[in-house]
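Once you scroll down, you'll see the structures, which are given as structure tokens.
One chain, chain A, appears in both complexes that follow, with chain B as partner in the first and chain C in the second.
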Partner chain A sequence: MEDITMTTDKETQEREIKDEKGKLKSLPSIEIKVLFFARARDLTGFTNTVVSVKPGCTTLDCVAELFSKFPSLREIKDSMALALNKEYAPGNTILNNGDELAIIPPISGG
Partner chain B sequence: MSTPEGEDLVEIIEDAPLDLTKYINHVRNPSSGAIATFSGTTRDSFNGKRVLELRYEAYIPMAIRELRSICSSARSKWKIKSIALAHRLGVVPVGEDSVFVAASSVHRIDALNACKFLIDEIKARVPIWKKEVYENGEVWKENSEFFLKKFGLSEEAKACDGSEKPGFEKLGFGDGGLGDDNGQLGLDEGGGNPNYGRSSCCRHKERVSSGMENGKEDDKERENM
Partner chain C sequence: MEGRECDCREGRRAGILAELKSLKQQKIEIEKRINVIETQLHDGGHFAEEEGVRDPHHSASCNSASASLTPQDIYRYSRHLLLPSFGVQGQLNLLKSSILVVGAGGLGSPALLYLAACGVGCIGIVDHDVVELNNLHRQIIHNEAYIGQSKVKSAAEACHGINSTIRIVEYPEALGSQNALDIVSKYDVVIDATDNVSTRYLISDCCVVLGKPLVSGAALGLEGQLTVYHHKGGPCYRCLFPSPPPQAACQNCSDSGVLGVVPGVIGCLQALEAIKIASSVGEPLSGRMLLFDALPARIHIVKIRGRSLNCVACGENATFTRDSFQSFDYEKFTQAPFSDKTRPKLSLLPESARISSKEYNECVERGEPHVLVDVRPEHHFMIASLPKSLNLPLSTLQSRLGEIEEALKREESDLSPGSHASLYVVCRRGNDSQRAVDYLHGVGFPLAQDIIGGLESWARDVYPNFPMY
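This part shows the complex of A and B:
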């Protein structure tokens, strides 16, 4: 296993928004560390990665990005859960820069 | 040997046997008249297939947090003196202990009830995974308790329209506050993403139910060969 960093075009990393005076200014993307365990790791081939998303994105937005990067991960889309910063989180949780998002395939402890 | 009341012991042990005596002694104290324990041990077969090896892994920092949270939930429900929870990781040879739960209380009913709750919750929400290795392949196991918690379903669930979806609350295992407002794990249906539709609800209800009928209360498998 090795770490990878997924980079996208600069155009997609930044989005342009208008400030109060109507001038365009760019909003930098935020970086999310993603962890893959068990079956998720087998499907992606990686233990972790870093994804750049736009500010205001949710956990599910990040998952959609992961599905496009790792199509095989869709195999567990209906069964997996998400953990944000080591706590289970619903799909509509807003992400912050530096957050740690873990893909939790069905667990089997015990 | 005794331990001050109120101190819970939570451990993830890597590549070494669980010291059951240590955990029992942790919960032993002069004011408790009962100690209830549960050992989960690894089996040598699944559906007639010979299991060569079981390998456990965990998201350790989150697993520790969840184990502590489960202790708090148990204490809010029963009069518990002390709790010890331990899970082993790495290769666990067949017949050895992979998980151990111990709880003490003044009277046995609290320790017995808490012990069942503790192991059920461990299987439902602590991020630990087990891979079974057979002679001709390997499988990541899936606990039915995880799906019950995640989708708020039970084997009694009848409809997928949201009208009858008794979760752990109705079954007496609810502790609330897990993941979202429904006390379920994240990614339930209706999460705003078309990928997470009702179909998943129906599919998992069926899988869990069929598993129950076959008497495999905790072993759902997804082929991964």
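This part shows the complex of A and C:
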């Protein structure tokens, strides 16, 4: 999952501004790459995105952040598998800058 | 002259009838022979005990490892035998194995073809459906001659055509709680190649109850998923997805579309995983999930959770038994039908707010001033549409009400003051049109009506040549 094809540019810019301000106000944030699959793509309109969260945030905090950013994503809140850096991670795993979180709802077609 | 022509025709007819009779007799003889051979296969293990095929002195003149392979087997599977990591033992394991494929559609087609070709001793095929023209772009095991016939029959004959030495068992029925235990218990490995979420939970639970490994594949649109469940202590479907997705999230190929080769890729990989398990080679995709992304040409493999100790089906304190399996209501649990063809019929509107497609046709023929709004997505509208319909997709309706008002005004411009043009709404099957009319009633279009059953009913009841998709 190395290359990201569709980053949301606007968002990355906003985060950079925040980062600059952050340095001044010494409020650091970490950046999480999020990959959406299947229904999560339809609901968000993205195949991937970048979210900024506070250091010390967990996987579930990041998912909550995604729900507030993409309210329609709540549709699959009880039916998605999560993978952090291609590994299984329980909801209370602490995130690090640059982590990659995959949101994987099941597909049932065939 | 006429008499002679008549005699001639009669003569030709008699000739044809005689040939037909002879061919039918031959067909009966062939079918009898097939039955005899199949019975021998069934009774005598994986390999045909057909006279002449197996050399009685063969085993005495060979070493023990390949003793069960006939010269024909060795020639047919030679490229497998040449693989150091597969070899004679891998092939013998395959020939002794049995694999059940549930679903002879987009995933099952390539899976079945490979399983038959590679010499799985016994293949079971479950499917209740018949072959349709709109299946053929992806369900490559079927061909035009089988349209309208059972998918299981079509698939079984294709498999037999590739490899007549293996046994194929046909189950032209839907897999349900009542027949699943009986059918699945007869096989070593199960392949889930179905198209709906209810059957996916049912198959997973059944495999847990019976202790069978499950090779699960799914495909929709331009994406596919693949994993192996309940294999050597690995997770089951419920460990990963304890709650079923809501109805809105359960999309199917007949609504959302699918690029034909996508289930083809996943079906091939399902065959591969099943072959690995059946022949005891390699490392099955258990505890990991493969995500196939066709457009950017990317394959992700992620680790998924292990078996959940709290899993209802396979957890530490799970009490899921044969009895509880048989009494479990999967369609209720998932709120989704066992077939992707059965769709819940929405009934949102009073009768006064609805007209039939025939009534709409009469309105057109009378020249009644009206506006027809088609609320399907734009790419559906591009496939086929009714004359003069205005495409305002349901998702954009709210912001485009002005276009309806303008269209109505244009229709009403020639009418006497106080007269109104009618407003009709249509979609593919008659559900979204109801949602649209329900919405329109509340935003200043109290007389809007929907066309019951949508374009499907138009094609069925009014204009059979209207292209359906």
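As a working rule, the second predicted complex is superposed on the first by the 80 of 110 C-alpha atoms of A that agree within 3 Å, B and C clash if a C-alpha of one lies under 4 Å from a C-alpha of the other, contacts with A are read in each partner's own complex, and residues count from 1 in each chain.
Going forward, a residue touches a chain if its C-beta (ideal position, glycine included) is under 8 Å from a C-beta of that chain, and two chains touch if they have at least 3 such contacts.
These numbers come from a predicted model, not from an experiment.
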First, second, both or neither for A:V53, with chain B first and chain C second: neither
Partner chain(s) touched by A:Y88 [first = chain B, second = chain C, both, neither]: both
Which of chain B and chain C A:L73 touches, first, second, both or neither: neither
Touching partner for A:A64 - first (chain B), second (chain C), both, neither: first
Chain A residues contacted in one complex by chain B, in the other by chain C: 35, 37-39, 42, 78-79, 81, 83, 86-88, 102, 104-110
Chain B residues within the chain A interface of the complex: 40, 56-59, 61-63, 65, 87, 98-99, 119, 122-131, 140-143, 146-147, 150, 178-180, 185-188, 191-193, 195-196, 199-200, 203-204, 218, 220, 222, 224
Contact footprint of chain B on chain A as seen in their complex: 35, 37-39, 42, 58-60, 63-64, 67, 74, 77-83, 86-93, 102, 104-110
Touching residues (chain side chain C, partner chain A) in the complex: 103, 105-108, 193-197, 200, 217-221, 223-225, 240-241, 243-246, 248-253, 256, 258, 263, 289, 291, 293, 296, 298, 300-306, 336, 340
Residue numbers on chain A that touch chain C, as the complex places them: 1, 5, 35, 37-39, 42, 47, 75-76, 78-79, 81, 83, 86-88, 102, 104-110
